[in-house]
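Structures are listed in the sections that come next.
The same chain A turns up in both complexes below, where it pairs with chain B and then with chain C.
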Partner chain A sequence: MIFDTVIIGGGSSGLTCGIRLQEAGKKCVIISSGQSALHFSSGSFDLLNALPDGTKVTNPIDALKELKAQNPKHPYTKIGEEKFAHLAQEAQRLLADAKIQTVGSYHANHYRLTPFAITKPTWLTMADYVYAEQPDTFSWKNISIINFTAYLDFHPNFFADKFRRMGMSVREIEIDLATIANNKNNLSEMRSTNIARLFDNGKTFANFANILKSKIEKSDAVLLPACLGLEHADIVDTLSNILGVTVKLLPTFPPSVSGIRSQYLLKQRFMELGGTYMLGDTVNKVEFEGNQVTKIYTVNHNDIPLRGEQYVLCSGSFFSQGLVALPNDIIDPICGLDIDYISDRKQWFADDTFDKQNYESFGIKTNEHFLAIKDQKTIDNLHVCGASLGGFNALKDGCGGGASLLTALYAAEEILGNKK
Partner chain B sequence: MKIEKLMNEYDVIIIGGGATGAGTLRDCSLRGLKAALIERSDIATGATGRNHGLLHSGARYAVTDQESAQECISENQILRHIARHCVDETDGFFISLPDDDLAFQNKFVASCQMAGIRADVLDPKEALSLEPSMNPSAIGAVRVPDGSIDPFRLTASNIQDAKAHGATVLTYHLVTELLHRQGTITGVRATDMRTGEQTELHAPIVVNACGIWGAHLAQMAGVKISMFPAKGALLIYGHRVNKIVLNRCRKPSDADILVPGDTICLIGTTSTKVPYDEIDNMYVLPEEVEILRKGAQELSPILEKTRILRCYAGVRPLVASDDDPSGRSVSRGIVLFDHEKRDGLKGFITITGGKLMTYRLMAEKATDLVCEKLDVNKKCETAHIKLPGSREEKETTLKKLYSMPISIQESMVYRHGDMAEKMSKNNTINNSLVCECEEVSYGEVSYAIDHMDVHNLIDLRRRTRVGMGTCQGEFCACRAIGILAKQKQICPTREKEELIAFLNERWKGVKPIAWGDSLRESQYASWVYESVCGLGDENKK
Partner chain C sequence: MESINKSDNNFEQCLKCTICTVYCPVLAVNPQFPGPKHGGPDQERLRLKMPSFYDEANKYCMNCKRCEVACPSNVRIGDIIQKAKLKYSRHRPSVRDFFLSHTDLVGTLSSPFAPLVNKALGWNVTKQILDGVLKVDRHRTFPKYSHEKFTSWMKKHADEQKQYPHQLCYFHGCYVNYNFPDLGKDLVRIMNAFGYGVELLEEEKCCGVALISNGFVGQARKQAETNLKSIRKAVSQEKAVILTSSTCAMTLRDEYPHVLNLDNKDVRDHIEIATRFIYRMIHETKAFDVSKLKFRNRPLKIAYHTPCHLEKLGWEYYSLELLRLIPNINLTVLKPNCCGIGGTYGFKKENYENAQKIGAPLFKEIEEGDFDFIVSDCETCKWQIEMSTSKKCIHPISVFAQALD
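Let's turn to the complex of A and B:
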């Protein structure tokens, strides 16, 4: 099978790259083994929250110079200031075209709430989530926080406590879905996705809205755990119209309904643009000739190779198995590319799990254009994007989402530029 | 003032909440004594919770130490009877590999028989068909009545029964002083580790059941016990690959016992002398991990490809023999010191040495001495009175839970025996799952928090296995903290501190083996807790 570009990995990075290329008329295939880090997302994408020395960032674009000074290996340093703003705007546009509505801007971080009601800076937040331009500034006075009986992945008390400290009057309302659900499945498994599926049933949703209406009294805002809208985000607007007040979502522990929806919408967008998405397939062999990838083989397609002029590796980090740690080695199990890491395992970790862990910044080595390096030689038609890249600590810098989207777009534009 | 004093008067105070302390508390309570137990941390946090959980048949000691072997087989039979819900009757194999001397097998079988331990020589092929995970190149196999025993459940059940007989249990209380009057110990002063509040407890006898920490307590009392802390490291694999305990048929050595327990199996141990001042800080070293992996893979080659969940190390309380002035000769058996006879200090006794297997016998010996000193003439009954959880047939308990989801029924009865009935209010909330890995329900967690001396997530893990499964607490910890907060009225700030403490406790055990899937899991946990949830330095204590 011959494509223009073969993309390995179907998470946010692979899909973003694929969508951008399809938009420009390229024929792409994405090979996805199934799970994506998006399934555990916070409801926001971070661009840059802190510098390596810990300095907090409020304006990501202004911080790039200092970032470059502190970490010349950071992907943003490679992207460069000039392209950074353009790619960040492109990312937001691309998400919106995929019907993922977000708020936020690359030159001013806004603030999200975490499932523990901790305030954190971020770049883009799902438009139906609670967020604030400045830390902890909300205009509400009376709010209702909803939870569902036996749903243990959302702790309303954290939010209630926070909002009460800010002087709001908070009503905590618990609703037993067993009494209103039309399609009772196994309610001993009260997880966000199962609840979202209950609400996909129109009658259950209507029952829920009615009960809610009778309980919220004079609230200015009704805040629900983010377990609505597995397929459509507009369920929150619909509820808001029925209740006649603002309805916003508060994040839950994983799995993330909005993350799963985003993944689904990106995949839909990619396929609507004509892309081929091979779900549940795994690359098992990559062939090189000189400085080029020539073919890749997958488990499902056996001896039929996938070929492209260009290849993009978006296989993620350890979690997604784009990187594999052996007792004394780190490898890229897919392409066998060179890895930027420390060989002594004792230096991979810090004693405190919340301290900076060196392994978090291990990743695939690339040149300044994100072209892969194998046996110390640059591979001319293989870009590497997202969490597979080394040289930065996405957790400490608060830049995982941005690095994923921006490097993917960078690779796409490089590929398009090269073909002019 | 007078009332408070009366309330703090006991017949006996036991210091140390391991199996021995808990067993002694139960024995004393069953014999009608008013007893109190003080533990600086949670129950079963020392050597009790940091060993194999092997229900020794005694076979391991048969060749080198007949006395220990006999004690083991006798206690083995008693525990199968009184603590059935803590015991898995798996049997054990002693296998000889091509490098091992098959002549040892004959000596081994003869020694077992001498100690009264059933030891059946099997054809290696037959052994392999019974235990397919064992090394297929084995040249010999002997079957013995080994098993596995859950030390957390065992300790908790002893505590439960003691409390039912009027005992007082103070966990998270550190003894800061032993009260003296004219050469006699009369009680203790302790600090509540959570509130800083001080308490005094009085009793004519204080029992030192602190294991390796007993040397320090003895020093506080003004007497000297020489102890040699011996560190033993173990690895937990994420699957129960063997259903029969696998031992090497050779002289006892490192990493030669593989024990199946719950959903996992574990290999141990190593043995290293460590300085006494390091006993509170046991880290597993890379060298130890290598020794253990090698030993495990020799017993069961599939373990080369099995995920290691975590590792941990315990400290054996080896006591220097009193009759050896050089202090080099160490007693591995049970050590009971009557400090009145030994040191002229009245009101203080020490029970130490021994092993998890002999906790009940140690408790019996200690309680006999307590009774002798108090002039109480009551016989020990712990060898036949069953512990709570083991008093009913499994099937009988299961019938009472028939309306609950089957997976929850089974795992609850497996863990708690007949106590499961008390945890089974059948409704939506109680049946909802807190931990998918180990099938722990809300009802079980809720009961443990209210009735089993649980103060934090780490305690909860010891009672219910929340956080012990393959996810190592990623999903269940945040659910469990919510329930804990609700029932114990914990404020959101402390909830976050508790979670961080729990996650760091997990990391300590994962870090030495963090590669492959364990590193994947750790990275994922970091994303969830640090990135998604935003926990960090500012939420630490």
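Let's turn to the complex of A and C:
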């Protein structure tokens, strides 16, 4: 099979790169070995929340100089200040074109809530989620927090407590979905996605809206667990119109409905632009000739290789098995590229789970243009993007989402530039 | 280091990430099903301790393998559930299960009386009896039996097929043989146009997928051994073995080793669907020259539905590429939704309602699309789509054959 670009990995990074290339008329294939880490999305994309020394960041673009000084290996240092702003805008534009509506800006972090109701800075948040321009500043006085009977992946008490301490009056309302959905069976698998599917049924949704209307009294905001909108992203607006008050979503534990919707919308966008997406396949051999990748083989396609002029590796980190930890080694199981890591295993992790973990910043070595390095030689037609890259701690620095999207767009523009 | 895992599957690779539960079509409509994660790797742990932990609600798994396609850790969730069903279930297959799964027997008995059988299966009274006595849902439309079996037709044309410079073997499957020989004939026509004569395998039995899912594992293994023997013979004569049924292909390639514990490593890579064979011949070996084919150039607006088992094989691409060779075609790929039939699953009275609920989003998309017809590689998807929508559903091989001048 011959494509212009072969992309390994179909999560946020691979899809972003693929969409950008398809937009420019390139023929791409994405090979994805199963669904991506977007299924655990918080509802936000972080760009840069802190510097490696722990200093909090309120304006990511202004912090780049200091980031460069503290961590010259960071992907943002390679991208550079000028491109950074352009790519951050591009990322938001690309999401919007895929019908993923976000709020936020690369020169001012805003604030989201975690499922434990902790306030955290972030870059882009799903437009229907609760967020604030400044930490914990909300104009609401009376709010209702909704939960569903037997739904265990959402803890309204954390949120209720937080909002009460901010001086709000909070009404906690529990709704029994079994009655609303007229479902005689016990909903044993009460997960966010199953609840979202109930609401995708118009009749159940109308029932729910009616019951809610009778219960919220004079609330000026109704906050729901983010279990709505698997299929229809505008369901929160619809509910808001019916109730006549602001309706916003609070994050739940996984699976993440908004993350799954984002994955689906990005994939749809990629395919509508003519891209080929192969799900559930695994690359089992990559052939090199000199400093070029020539073809790749996969489990499903076996003797029929996939060929491209360019290749992009967006295979993710340890969760997605883009990186694999062996007893004394960290490897890239797909291409066997050089990895940036500490060889002494004792230094991989800190005993306290919440401390900075060194393994978080291990990843594939690249040159200044994110071209892969194998046996200390640069591979000219293989870019590496997203969580596969080394040099940053996505959790501590709060930069995982931005690193995924921006390096993917960087690689796409490099590939397009090279062809000009 | 000796492995501690005493099970013969990879359940310990499960990270409990829950992604599979999002993509399970059954779980979305039937809360009684424990779901792929729980019924698969979670309960496997318990079953290994004590077989009595087996949960009979795993019977609701339709073995679509969507969980495996979604799993980021490559856990063979569907296989784990299938094997657990066969190993631990105390449920004995019923008479209905026997008739639904023994396709060769039922097909052989029905074919000679095809016109009568077809008529009788359409009668309300027959449907009521099947529903009441056998628990085969009365809403189902049965596939029609063909008076002449595909194998009989092939035998008549064997000499003519031998005249072609190259030969390949066709695993036709029960559907083509007993119900719809036209699909087999379309395949023969295309292969002939490319210079290939088509042969039958020395002996072909039903692939056994329905036997496996209905608990007749001994019979399934017997038929699988016969099939593997015939395939080995064809492969030793350097003949490709191709199929039109995506489910038979998945069964021969993956269920034989994973569920029936039959080693097929030596021939597995030689078993493929026809559209993949054609793709290779056109694009990789360049043995087929499409420019020599003459097309009718009739405008077509069609939609392609990916069968679950073809998605598991990862081969949808080949069927789509074949369709894209047809000039003047407007092709939509439908959203990745299961049709709900799951082979014999949807025929059972206890599953009928859920099967239709699973398929509802697909049916809706089809009805809203204003397509000339639907295209899919799976015979049971075809029955389900034709019964539940106003559209015909045609195999890509037939679409291609009919587009030829």
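Rule of thumb we're sticking to: the second predicted complex is superposed on the first by the 415 of 420 C-alpha atoms of A that agree within 3 Å, B and C clash if a C-alpha of one lies under 4 Å from a C-alpha of the other, contacts with A are read in each partner's own complex, and residues count from 1 in each chain.
In this section, a contact is a pair of C-beta atoms (placed from the backbone, for glycine too) under 8 Å apart; a residue touches a chain by one contact, two chains touch by 3 or more.
Just so you know, these numbers come straight off a predicted model, no measurement behind them.
Of the two partner chains placed by the overlay, chain B and chain C both lie in contact with A:Phe319.
After overlaying the two complexes on the shared chain, residue contacts for A:Met278 are found with chain C alone; chain B is out of touch. In the superposition on chain A, contact of A:Lys346 is made with chain B only, not with chain C. When the shared chain is aligned, chain B and chain C each come close enough to touch A:Pro254.
In the superposed model, more residues of chain A are touched by B than by the other of chain B and chain C. When the two structures are aligned on the shared chain, A:Thr204 is found in touch with neither chain B nor chain C.
Touch criterion met: A:Phe354 reaches chain B, while chain C stays clear of it. Within the superposed three-chain model, A:Asn302 lies in touch with chain C and out of touch with chain B [touch as defined at top]. The interface of chain A with chain B overlaps its interface with chain C at residues 37, 40, 187-189, 254, 319, 321.
Per the touch definition, chain A reaches chain B in the complex via residues 37, 40-42, 46, 114-120, 149-150, 152-153, 155, 157-158, 161-162, 176, 178, 187-190, 251, 253-254, 256, 317-319, 321, 324-327, 345-346, 348-349, 351-354, 357, 359-360, 394-395, 398, 400. Taken together, the chain A residues at the contact with chain C in this complex read 1-2, 33-37, 39-40, 183, 185-189, 191, 193-194, 197, 254-255, 260, 271, 276, 278-282, 298-304, 319-321.
Of all residues in chain C, only 15, 17-19, 21-23, 27-28, 30-32, 34-35, 38, 68-74, 269, 276, 279-280, 283-284, 311-315, 317, 333 touch chain A in the complex they form.
Interface residues of chain B, counted against chain A in their complex, comprise 286, 405, 408, 428-429, 431-434, 441-442, 475, 478-479, 482-483, 485-486, 491-492, 495-496, 500, 503-504, 506-508, 511, 514-516, 519-520, 522-528, 530-537, 539-540.
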